[in-house]
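As structure tokens, here come the structures.
After this come two complexes, each holding chain A, first together with chain B and then together with chain C.
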Partner chain A sequence: MPIQTRVVDRPTTETSYVRATFQGLALTFKHLVDPHKVTVQYPEEKWDIGPRWRGTHRMLTTEDGKAKCVACGLCPTVCPANCIKLVPGVDEQGNRYPAVFDIDEFRCIFCGYCQEVCPEEAIHLGRHYENAEYDRKDFVYDLKRLTSQTHPVCELWDPADPKGE
Partner chain B sequence: MTHAVSLLLQVADPQLPPSSEMFILFGLIKAGVAFGIYMLCVAYTTLLERRVAGWIQDRIGPNRVGPQGLLQPIADGVKNFMKEEALPGGANKALFVLAPALAFIPAMITWAVIPFASPLPIPGVGLVSMAVADLPVGFLFVLAISSLGVYGITIAGWSSNNKYALLGGLRASAQMISYEIAMGMSTVCVLLLAGNVNLNEIVAQQQGQTWNVVMLTLAFFIFAVAALAETNRVPFDLPESESELVAGYHAEYSSMRYSMFPLAEYANIITSSGLMVTLFFGGWDIPFTHWDNTAPWTAMKTLVTLGAYFAKVFFFVFSFIWIRWTVPRFRYDQLMSLGWKILLPMALVYITAVASLVLALDAAGLGRTSYGFRGAFLGMNVVFVVLVFWVLDRGRIVSPAFSRTERERLARMRLGATRSDLLTGKGA
Partner chain C sequence: MPDQKLVNVTIEGRPVSVPEGTTILEAAKTAGVLIPHYCYHPGLKIAGVCRMCLVEVEKMPKLAPSCATTVAEGQVVNVYSQKALDARKGVLELLLINHPLDCPICDQAGECELQDYTFQEGRADSRYREPKRFNPAEDFGGDVLYVTNRCILCTRCVRYMGDVAGDRALCVEERGDRAKIGIAPDHDLSHAWAANVVDLCPVGALVSKDFLNKARAWELDRTASVCPNCSQGCNITLETRDGALMRMKPRSNSEVNHFYLCDEGRLNYQWVDRGDRLEAPMVAGQAVSWEAALTAAGAALTTGARHVVASPSLSNEALWLLKQAAGVGTFRVAQGTEAPLPGVTDLARRADRAPNATGAELLGFTRAANPLSGAGDVVVIAGDDCAGLDTAALASAKHVIFLGTAAPAALPVGAIVLPIANFAEEEGTFTNLRGRVQRYLQARPAPGFARAGWLAMAGLASAAGKGGAYTSAAAVFAAMAKAESAFAGMSYDTVGLKGQTAPGARVNA
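Let's turn to the complex of A and B:
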């Protein structure tokens, strides 16, 4: 017997097994008839996600359906994961627009810096979490896909209202 | 052919036993129907277990296959049939394949002698007894067959050629031997009151007197504990004990061969519940009325008593599940000492008390169904229940490990503990 064994005298006269078992049965029966309802039946029911949830991106568009992005290049610069690929182009009026705008959602760490830095409020993170795909390639979202997403977008943290009230 | 037709057409009194040809024919029909219903109940007990476990643990349980998960047992069955059957190298092939069947069959055979409703009169045939085989040796048959179930488990454990499986098998056999005795002893009291081993007679005795659970509460208590142990249910699931023996005796089994063991367990639960109901809860009797157990027999009475029997069995099946999700598993020494040092002596004392009381009351000339007879038993019952639940159940029924250590060794351990700086707090 190792020396560290502690021998504790239990108050055998005050303990019980049978009566304690019946108490336990009463407790489990209480849970059986009146359970704490914690399970969410997922595909049918969903939890509300927070207003500042940072999910996969969305590119907002102008009224004529073009991306608001002016290809200033701030988001690929600020992106810590280096997941935004931006190739700027210039149209006939001399306006800059993104010729290529790809976001690799696998590399993305969902920090939200791109949304914060964007001067045109074009790129946004989305309040969305169902992102399954059959192919790894499909996780690189191109401009077409980013503009066609419809889920709500993430609200930025406002220092004047830190709790979002 | 003409002989058979003439037999069918022959007008028989439906209140009298059928002819021997009809007896055999209806025996086969009863066996087929009872087997089908029994298997269905076993399958759905697995679902009940999972749903009740879910509810008790504030979960939901399987509810996706069919409405409220009602098709889950079928999905499970299909899955188990489709899976690969692994045969471990070094296993004894013949016994490895045979063991699941050996575990499953005795549970089903036991069911054959249990009466589940009042006899059914069929016009032109006669009065058909509502037990698959109404054996005169009924209860002895149950004792003989129910202890066979452990062979399946022990052989499964041994033939797997796996240390954990073997330990599980050993535990199962040790447990079965320990608790089979207490179980047999507890039922002696029932037999003393009934004066017969035929299960139908035992039911009739309870209909005339009172349910045995009122007369012999302690015997019921011992029987229920032993039944938990015999079916390897928590808190007696030491043969399986997933936390110490991986999965115990069925560690090496897969697919449908594995599935046979849980099915055997559930079959055993239903059979044990059926036995408890028959021996202690009046079988198919409906309490507070004699309408159901007096001739003339009708199909209506059969249906109603069948319903009563089902309700009672369901309650016990539910209790088995309920207990499983409430109490933790015993330590091995607690299991053994409960069986040999508590239940067996308790049963022996109880037999003596019951036998003496029956003898005394018979000598005093009190009839078996008289209020005096029942009152005397009720009085003795109160004494025994108080003794067991409020005097014995103070750390003695299931006690901590040190209570079985020798005094000298305990003193040495205490001395060591006081010397240890780590524990006295000086070392920290």
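Let's turn to the complex of A and C:
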């Protein structure tokens, strides 16, 4: 038995491109007359990013310019991407400090756990997105780089509403 | 102990039978309940000062300190009743009043009982609004630093130094909230066993200067081992990070070292990570494959009279296979002063500063002041670093086969060198001076092509045509137990991780 087929007349109104073309052109001409801005003129104009943006790291410093970090080892422990290398040391005053503190920003998944776990509020994620480098190895941020950066830092939570209610 | 009367008690709904006179805290351990405690330690006298181990005992009017209360027939103990929890919460709050919140820089963090119990049972916040008491840290001498602020005055260190170490160097000085651990004038913690106070301290008040700021407790990998620094054979835990030995801690064994480890034992570990290790087998100064080196060594062994220099730092397995390959020989033992721990029977830092002199003797090796004297045509040096020996005999030997971790300067250019692992890099057993055979496990890989002592010796034995096809240290030990009457009937299973006295040693002793 042959497969039963039924020939249906093609609808003319919905498939005709003429109407759609004019509709599209109408939208184009509308924008020509009344331009509402969508395109951001980067890099002259910068994008406005939110307070909880999680970008590349920054290490906050004390008044005398030293990193706030006390090398407690919580951030390398909590880091799910294992991107923080920390070697503790002892300075002249007998204080614990990070002799080596490297963050591999390629490995980082920007979860923000390091900032959340830090008891000294030293390591922060940055509200920052311009990360281009000429060399891959420059993406391993050392302590000097982490402390010298000045971009604003992430607010992981709204201080007025810490539980997000 | 068949004549001991058993007492039936119920702890947290679990019935247990314990010998009469057991404390509630110990009885709870057998029931699988760890009652929080600070001042109590099984190795020390009971003080009952911290009040952390308060539990509710039915039909008792008040909460009872479980460390100082013995069990009675039919007792029902509630460890986690609301009343007991509230009491312990109060104790913790008071302990934390002057305790600094410096866990991030405290070496004890991660293995701190104050941290653990506060996390389990303490308050989430403090109601104390006054400034905290501050006292500077004090250097107590030896390896011990006293961080006064962190102290919770459990007095474990005071009791240890007085009752176990027999040196009343520590006391509690001042009163009330000014109280702290004081050190007697003209005293310091340079006692040979003083660093145990660091392990006993439940918080970070007494910390090791050697380990200070070196590693975090949770980063360390722990391996059961045996201290290689004297013939007492204290059970230890090797704590490594990324393959580097960070510290050695005592591992409790009621037959050997109880809870303790001497200062020299715990601090003499830097040699394990020495940088000048032998990494590849060498023949006449050229690095070659193990097969080539073993073939050369096997051929050399048959060329004349053999003279074997062993080392009391080699495992029983390696020594036995050395005996198979080249026959018995002599060894020397570094000597030091003996330093007993008065509070524990038969525990001392022994004069023989090597872990396996007894094992070597049981296998037929003999002590000699200069093991190299009267060398034969073929000299086999296994494990001895030749330091301070008259090495003139080496020059006249036809062949020199050296098995060791680092090459001595006096080694002739033509020597056959086989690199072996040290005790942290291989599995094996040591026999302590009482003939107790104790296992140690591998904590990290050996450098380069270095092989475990027993594996290198097995290769040597098979190259010399004396058997030696073994695939594990356990198999070597089993074969040794069959062949040597001193170790008859033993195996890795019967030795376990706490050791077993060798039958041969029992006869000799």
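We adopt the following convention: the second predicted complex is superposed on the first by the 130 of 165 C-alpha atoms of A that agree within 3 Å, B and C clash if a C-alpha of one lies under 4 Å from a C-alpha of the other, contacts with A are read in each partner's own complex, and residues count from 1 in each chain.
Throughout what follows, contacts are C-beta pairs under 8 Å (C-beta built on N, C-alpha and C of every residue); 3 or more make two chains touch, one makes a residue touch a chain.
Just so it is clear, the structure is predicted and the values come from calculations on it, not from any experiment.
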Tell me the contact category for A:Glu120 with respect to chain B and chain C: first, second, both or neither.
second
With both complexes overlaid on chain A, does A:Pro51 touch chain B (first), chain C (second), both or neither?
neither
So which one touches more of the residues on chain A, chain B or chain C?
B
Just to be sure I read the superposition right, which of the two partners does A:Val70 touch: chain B = first, chain C = second, or both, or neither?
second
First (chain B), second (chain C), both or neither: which does A:Val90 touch?
second
Residue set of chain A touching chain C in the complex reads 70-74, 77, 88-90, 95-96, 119-120
In the complex with chain B, residue positions of chain A that touch it:
1, 3-7, 10-19, 21, 24-25, 27-29, 31-32, 35-39, 41
Quick one: in the complex, what on chain B touches chain A?
52, 55-60, 322-323, 325-327, 388-389, 393-400, 402-403, 409-410, 412-414, 416-417, 419-420, 422-423
List of chain C residues in touch with chain A within their complex
103-105, 109, 212-214, 216, 218-219
